[in-house]
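Labels A, B, C and D are assigned to the chains in the order they are written; within every chain, residues are numbered from 1.
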Amino acid sequence: MDARDLALVEKYADCLQIGTRNMQNFSLLKEVGRSHLPVLLKRGYSARISDLIMSAEYILSEGNMNVLLCERGIRTFENATRYTLDLNAVPLLKSKTHLPVVVDPTHGIGLRDFVPQMALAAVAAGADAVMIEVHDSPQFAKSDGEQAIVPEVFADLVPRLRAVAEAVGRRM
Amino acid sequence: MDARDLALVEKYADCLQIGTRNMQNFSLLKEVGRSHLPVLLKRGYSARISDLIMSAEYILSEGNMNVLLCERGIRTFENATRYTLDLNAVPLLKSKTHLPVVVDPTHGIGLRDFVPQMALAAVAAGADAVMIEVHDSPQFAKSDGEQAIVPEVFADLVPRLRAVAEAVGRRM
Amino acid sequence: MDARDLALVEKYADCLQIGTRNMQNFSLLKEVGRSHLPVLLKRGYSARISDLIMSAEYILSEGNMNVLLCERGIRTFENATRYTLDLNAVPLLKSKTHLPVVVDPTHGIGLRDFVPQMALAAVAAGADAVMIEVHDSPQFAKSDGEQAIVPEVFADLVPRLRAVAEAVGRRM
Amino acid sequence: MDARDLALVEKYADCLQIGTRNMQNFSLLKEVGRSHLPVLLKRGYSARISDLIMSAEYILSEGNMNVLLCERGIRTFENATRYTLDLNAVPLLKSKTHLPVVVDPTHGIGLRDFVPQMALAAVAAGADAVMIEVHDSPQFAKSDGEQAIVPEVFADLVPRLRAVAEAVGRRM
């Protein structure tokens, strides 16, 4: 999304997502800071936790207080997974800000078979929400098909997420 | 531990630990491969998951089948935490080997306040065990004091670990 | 620079620089691809060499063939320097593209005392140009003062850069 | 090399090399610290510059002052090269210690075609020596064949290394 497209997007969308490659696109951050819609700010895949918080400040300082911080995996030397999901960021972000913390295990590991385990781990670490890509025919997905889970797997996951949430004193 | 010290250590220890800096000390790996004691092999802080598995092979190939693989955090650009605990490694290792997977959240985040959350996340991700440093006076600890939790925190954590383990279909 | 500011910037500037945090700001890349000015495209501090080349494609595909690729340091676990200057990228980029390769040793090491050595190394590695920050009173610089060299150091460096260039068969 | 093999190796070798995977094998470091032979200490591929210096201290503190520090590439997210040769380490190590600094461009980039450029860059950055793998039939090499250069390329490189050394005020 470009800053110029914001009016159009706002007309139809319920939430604005700033993708990992735009986390330090400061003019865009200020623009969405003037929106009335909530903003899901994804951590840059090489951003430090402090960078993410400072990017959130650009939005907050324009008056938009509805910011969600999203951990979605960082780039490391490990090449068996697409990214390294940094769950350390969850309790750290929650201790340093009052903003809700979302985890995206789908991008964070990039391998469909292991998305459920990482979603469960995210909730146990204290995440306020998880976002998971689901596709009924991932083999035909236009992007990221290898990491989307099918509806049956998602349906099986939901009660387990609820159980873990309850085990750590949360409700879903 | 040096290969030469093995006989002495074997006399008193119940388990041999290969530390992160020795994960690719191949002569030591072969030596403990000839021991009758179980070996906890910690992942090098810059080892890929495939490197860890190959190091385990050095032990297994000498006849010692009691090897535990331990994720304990990797080195990344993030500097708010001591290491980045790579929980992606848990389901991946469990899919690629039959060996038990242990997680060390203490070193993996390096900050006492967040060890419990990461221990819970490790169990939710499928870890077979967690190892946690506990010290009754961490301020006087000779090493790693800033990451040790006190016995009260540990006592509070155990039932929560049990609850998460049950939530993901395990028993403790 | 925002895509909306391009007309204004074009009126005064001789060259458009895409900074490291905008290397994957695709709408901006396409915008400068329609400009008549040359574009200095800085590598994202966590971009792979292949990512940099693909970002250049966004500019080239809009018709602007005057693209310069700039290595300026990547983020690694090393914390004694601000970034890790990846001079491996120089011969690699030159083998994979026909575009000129620029090196920014100032950001690449981030420490004034060592900028000259890294500039010399860049030329020896085959860089077509180096860009170096010079400030006559770095202690008063509004940004990046700790890495700017003073004019006397720069004057001393130029003949040495020329000598290294000649030693590797280039002219300056 | 294992600490136990030292006496045998000392009988035949002119220099002891501690490989990248043993840089923090502290018992081995102390052992070679008691040797009369010079020690080439290779930087661990994930060791910080400060870690390398501390490992050198283990050798020096046992009385062996003939230690050479060797930069040989670090592990990063870049996957177009085998490692990322960290030439920033050269001027930094030279400013922090009195020890000679060696660069291994062969492992540092891992691709035969680009070894000469990186060797030249190392000398320009201030390296006291470079070590380069040469093989007359790299396709039959038992290890690391894809990064060894052939004797003709080496012969062509030497005068260029000399020219760069002279350009930066050194002699070869």
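Criterion: a residue touches a chain if its C-beta (ideal position, glycine included) is under 8 Å from a C-beta of that chain, and two chains touch if they have at least 3 such contacts.
All of these numbers come straight from a predicted model, not from anything done at the bench.
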Longest centre-to-centre distance from chain D, chain (CA-based): A
Between the pairs C-D and B-C, the one where more C-beta pairs touch: C-D
Distance from chain C to chain B - Cα centre to Cα centre, in angstrom: 42
Gap in Å, rounded to a whole number, between the CA centres of chain C and chain A: 32
Euclidean distance of C-alpha centroids - chain C vs chain D, Å: 28
Residue list for chain C, restricted to those that touch at least two other chains: 46, 75-77, 79
In the complex with chain A, residue positions of chain B that touch it: 46, 48-50, 74, 76-81, 84-92, 95, 108-109, 111, 113-114, 117-118, 120-126, 160, 163-164, 166-169
Contact set on chain C toward chain A in their complex: 2-4, 21-22, 24-28, 44-46, 75
Touch list for chain C against partner chain B, complex: 46, 75-77, 79
